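Next come the structures, one after another.
One chain, chain A, links the two complexes that follow: it is found with chain B in the first and with chain C in the second.
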Partner chain A sequence: MRLYIAGIWWHNTSAVPDIFIPKSFLFESTFLFAVAIFSLLSFIIFYLMRYISYTAKRKHLSSIYSSFISEIILCETEEELMQVMQQSYIQTIIYKWLSRPIGKRLLLKNLIKIHRNMSGSAAGNIRWLYMHLALDQDSVKRLSSPKWHIKAKAIQELAEMKQEKYISKIYRETNNKNVYIRTEAQVAVVKLTGFEGLRFLNVVSQPITQWQQLSLLQLLSLKNKFQWDKLPGWLKSKNETVVEFALRLVEKYQRYEFHNEVVYCLEHPSALIRKQSIYTLKEISQPHTAHLLEHYFLMSEKEEQLCILEVMQAIGTKEQLPFLNSLLAMEDASIQYRTHKVIRQISVPDLGYDTDKISGEAA
Partner chain B sequence: MNILHSIESLFVYGIFIYSAVLICFYIFIAVYSVGETRQYMLRSSFTDYTLLASSEHAPSLSIIAPAYNEAATIIDNVRSLLSIYYNNFEVIIVNDGSKDASLQKLIDEYDLVKEPHYFEQPIKTKAVRGIYKSKNPVYKKLIVVDKENGGKADALNVGTNIATNQYIVCIDVDCILEQDAMLKLAKPFLDTDNVRVIATGGVVRIANSCEVRDGKIAKVHLPKQFLPRMQTLEYIRAFLLGRMAWSRLNGLLLISGAFGAFDRDIVIKAGGYDHTTVGEDMELVVRMRRYMEENKIPYKVAYIPDPLCWTEAPASFKILGRQRNRWTRGTIETLKMHRVMFFNKKYGVLGLLSYPYWFFFELLAPVIEFLGFIFFILMALFGLINWSFFLALFAFVYTFAVLYSVYAILIEVMTYNQYKKRREIFMLLLTAIVEPFVFHPFVVWSAIRGNIDLLRKKNAWGEMSRQGFATKPAA
Partner chain C sequence: MKILVAEDEPIMLKIIELRLKKDGHTVITTDNGRDALEHIKTHQPDLIITDIMMPYSSGLEIVGTVKLQQKSTPIIVLSAMGQENVVLEAFNLGADDYITKPFSPNELSLRVKRFTYMA
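Up next is the complex of A and B:
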């Protein structure tokens, strides 16, 4: 506390401070601070006690729910499910705990967690329970919450529980201004409808962060029905992040048929897109790609030039050597260094050189 | 007499305004940080960090750990770094001309062989003697660099030159990382749309008295020793309140040298670590920010309030004094180097708020406090003290200081709640009451010594011997 001794300065014989800082003010403030300290201390004690009791209650409830959910998971028919639900201890759970927010919240949390690790009929039973207890209605209700985290959580729940019937409500949120709501909504539509869910890319005007792109790519890797007809449109989108994501899709799924569209993106106004296009071309390279990059090299900025050289290491052939040798005349040390690496790589590929282990004599 | 009276009035009014502004800053920080912490925790609840752990698109990291005479612990520390929960990374250990057997131990343990290695040298450094890689594919992510001694900053620069990845993570080799530390540190680089994240840093916590098992924190305890406990409270205040508020303002000037990630490209463009200062961690962040401001590139320095890294705090007054002395010198040197930003609107928040705050309340504060103390003693000796006013003022300042600490403890309890035992929380509260009388004056005195050492042009780092963690073998 820097303040501690600094205050000592203005206490001496001079009456100056008294003009604007009367002693009574100091005493009153001190009293207020002391009261505040005492209040905070009391609150800390109260909070810790409440936290302990809440943790104990949560533990107790979790064990009750755990046995309840285990029984549900093992059922094979709807009749069996209904029979389980009729048991008195489950009725008690429903009446005693599900009417309380803590009980409902915890059950939902447990259901989501278990559903995430389940498949087949067990997962189906979890979803049945979710619907049977009208928890879907609860999630839908929370979709209209003004608080972003409540709304986003509701979307997450509906998607996890595969509630396709609410897709239109969720879809509306894919362009929400709040990044977390739209992220959850975009993930949800892809979870619910697979590749088709990417149709939000046709209209989304808000940016799709790199994190979001990563999430979507990861999610799509679990799906297998792809529709590529919309991709050329996404590559021309006004939303730069849509173009970037489309390029990543081409890269990941190695869609050679979009080579020309990707080349077109090399002239995109955004440097980020241009860089991503270069990396994408590496994955869908054709015999003339390296030659094309040679032409593009001279028009590019330094960062892109470095990317091109990096890609050349993978796709370049001896045909690129004259071009690469001409680059050695450039003054830029990084360009020279990278060019040396590419030349080595192309000249002696059979030696199995790791590009990072080039002899010190190279330059 | 009139002139003397005017000077005195000017002085007294000046100090009054200084103190009033400082109180306002504390109140602002306390209030402003809470919203950000809450938002972070809410946002974090939607984040599945495991996504990064397995993804090939995760940001590529080069972890750089400088080592100087660390033979006793280097093998375990490197093993701990190699086992971090992340996929896309390499570990670069920079042996900064150690005089002990650090390098030989690494060579023997990890099957290292010297390799011909050519790398760019965008940042000038001391000569590299050799680069070693393991013959064992299990350790393919490990690179050991042997170089001439040049200090921590120079070692980090060598690591930056050699790094092949997009982001560098600079770490003290003896720190203990949380399992998901890299995931949390890397995420902000992806989580932005129109601004470039140039650096991220997380909370550093004090590991004294904690139980350490297999290089991980197994159980958190409040330090039993007096000084580390004081520092625990100090760190809670600084990391949970101060840095969180500055992060929200995008005005953070410091990312702890113990653990931080940086955009390699910007580090190089900004010129790398400056080896002429002992505050190289702060200086780099300031220079990177200055570079971005001067080039008008939108950017952000991200901060993660999660505890990511645990470090051993000095337990003796001697070592603590050296540490604070060095911190003071580092702050002064950094602020002096970048004085062009002082109240310069060209640098936005950085020039108008962050820099002036550091100048007035971090750099000048110990000097003002110390002179105030001397002044007080002189006045007391001459019988010029208005004791009733003094006591009123003292009580005001003291209760405010305790209130601020208690508030920080409350935020800790309500957020990360690292200290589970009620006894430990009460010990922390007790610490808040005692701290202004014992710990704080010592910190001020160390800062004064830092100022004096700087005037004498002493540029030593100061030896930082450590006691080691209380380790427990695996069950």
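Up next is the complex of A and C:
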């Protein structure tokens, strides 16, 4: 092959046809490449400068805001709060920075962060500032944003700042198709109204993840007022995750009055709910619960059978021994092993720990 | 009373500083554990208030170091909710008191006052 580049022929031995690259093309491509590199460098420098200036502005604003927020937090009366607000540097913050999105965003972020760490009158003062600067209006405006992350953040802000007056707007989002929006909204309604907020379970058709169920349970543990009248309805909900969550509620708060409703759930088409029902029955067991579980044992799948045996270990009595002995004839080794454990536990309850150990060694 | 406050969150640090200054204390602040240990050496504070989660050296390391040096300086630990195990560890190391976030600056002021009387 021969190559003609920039007026010179370049030789080699291969039999590939000759290639001719004109001089002008080389100049043009070099020029274009240089322009591309220059544009890329310019963009990087421009972006870097912007980033540096943004970071510096943020740092400057953060330091101004920290003095401002600290002064507000330490006020003890409303007059004091108003006096602090009249200070010239705070007026400058309000007119110069709060009219700009970056200033408003940063102040909100700081207020939320501090509110999480403060209690008593200090937290009250932060909420006062939030309202005084009409930042609640800003959060409400963002509630109608088409972008999910903006909407979810707005819900989070309103809940953190205890803005109960917007509960109906937040409540509408508890069944949103977007998992992040509805998760935030469900947490918000429970944060704002406690157990009463769970009324979204009456209508929610979207699934409630197990993580979300645990978060809600954790939030509810911080509240005192409970209303159990809606629970039977939730246990019959068409949304399986609502039934699962209702069972967890019965389990955690040991609501014995719902024993029959939970037993009804043992026949639920969902295996997950049947399993949860078995565990819930353990916490609300009555004298006949173990006998009921015997009845359901033979109709259940293997995983549920193992759950029933696990629960029987805790609630079973000597009355269950004939049934348990009959299970020893089953072919499944894991059922046999678990049955042996239950029989030992029931026969010698005080040696529960030791028998476990012995069984383990034997296995 | 000379108080050293170690907290990595700038606004929290400022709030605690202002509150304690309002009560008439001299306050030294730092936002990391390494500097806190330096300040303890150089300023010999009468009371230390430290957050648990901090860069370079944690609050637990501060408690451990101070108590290892047989210093009787009282230490108040700031912990987040749900950090009971860490608080227990801090007490085992020799911490004197703790405050759980969220907290009220007035509550902090009262706790500090208790150590003022004891000093």
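Here is the rule we use: the second predicted complex is superposed on the first by the 294 of 363 C-alpha atoms of A that agree within 3 Å, B and C clash if a C-alpha of one lies under 4 Å from a C-alpha of the other, contacts with A are read in each partner's own complex, and residues count from 1 in each chain.
The definition used in the following text is that a residue touches a chain if its C-beta (ideal position, glycine included) is under 8 Å from a C-beta of that chain, and two chains touch if they have at least 3 such contacts.
Predicted model, so just to flag it, every value in this text is computed and none were measured.
Enquirer: Output check: A:Gln86 vs chain B and chain C. Expected answer is one of first, second, both, neither. What do you get?
Expert: neither
Enquirer: Just to be sure I read the superposition right, which of the two partners does A:Ala34 touch: chain B = first, chain C = second, or both, or neither?
Expert: The first partner, chain B, only.
Enquirer: Looking at chain A, which partner touches more of its residues: chain C or chain B?
Expert: Between chain B and chain C, B touches the greater number of residues in chain A.
Enquirer: Looking at the overlay, does A:Gly120 come into contact with chain B only (first), chain C only (second), both, or neither?
Expert: Touch partner of A:Gly120: chain C, not chain B.
Enquirer: After superposition on the shared chain, which partner residues are touched by A:Ser70: those of chain B (first), chain C (second), both, or neither?
Expert: second
Enquirer: Touch check for A:Ser215: first (chain B), second (chain C), both, or neither?
Expert: A:Ser215 contacts chain B only, not chain C.
Enquirer: Can A:Lys23 be said to touch chain B (first), chain C (second), both, or neither?
Expert: Only chain B; A:Lys23 stays clear of chain C.
Enquirer: Within the complex, which stretch of chain A touches chain B?
Expert: Listed in rising order, the residues of chain A that touch chain B are 1-14, 16-18, 20-21, 23, 26-27, 29-30, 33-34, 36-37, 40-41, 43-44, 47-48, 51, 149, 152-153, 156, 179-180, 183-184, 207-211, 213-215, 217-218, 241, 248, 333-334, 337, 340, 356-360, 362-363.
Enquirer: For the complex, which residues does chain C have touching chain A?
Expert: So the residues of chain C touching chain A come out as 9-12, 14-15, 17-19, 22, 101-107.
Enquirer: So in the complex, the part of chain B that touches chain A is made up of which residues?
Expert: 8-9, 11-13, 15-16, 18-19, 22-23, 26, 42-43, 45-46, 48, 51-52, 54-55, 57-58, 115-118, 120, 122, 133, 164, 187, 189-194, 361-362, 365-366, 368-370, 372-373, 375-376, 379, 384-386, 388-390, 392-407, 409-410, 413-414, 417, 422, 425, 429, 435-436, 440-441, 444
Enquirer: Using the touch rule from the top, collect the residues of chain A that touch chain C in their complex.
Expert: Result: residues 62-63, 65-67, 69-71, 73-74, 110, 113-114, 116-123 of chain A touch chain C.
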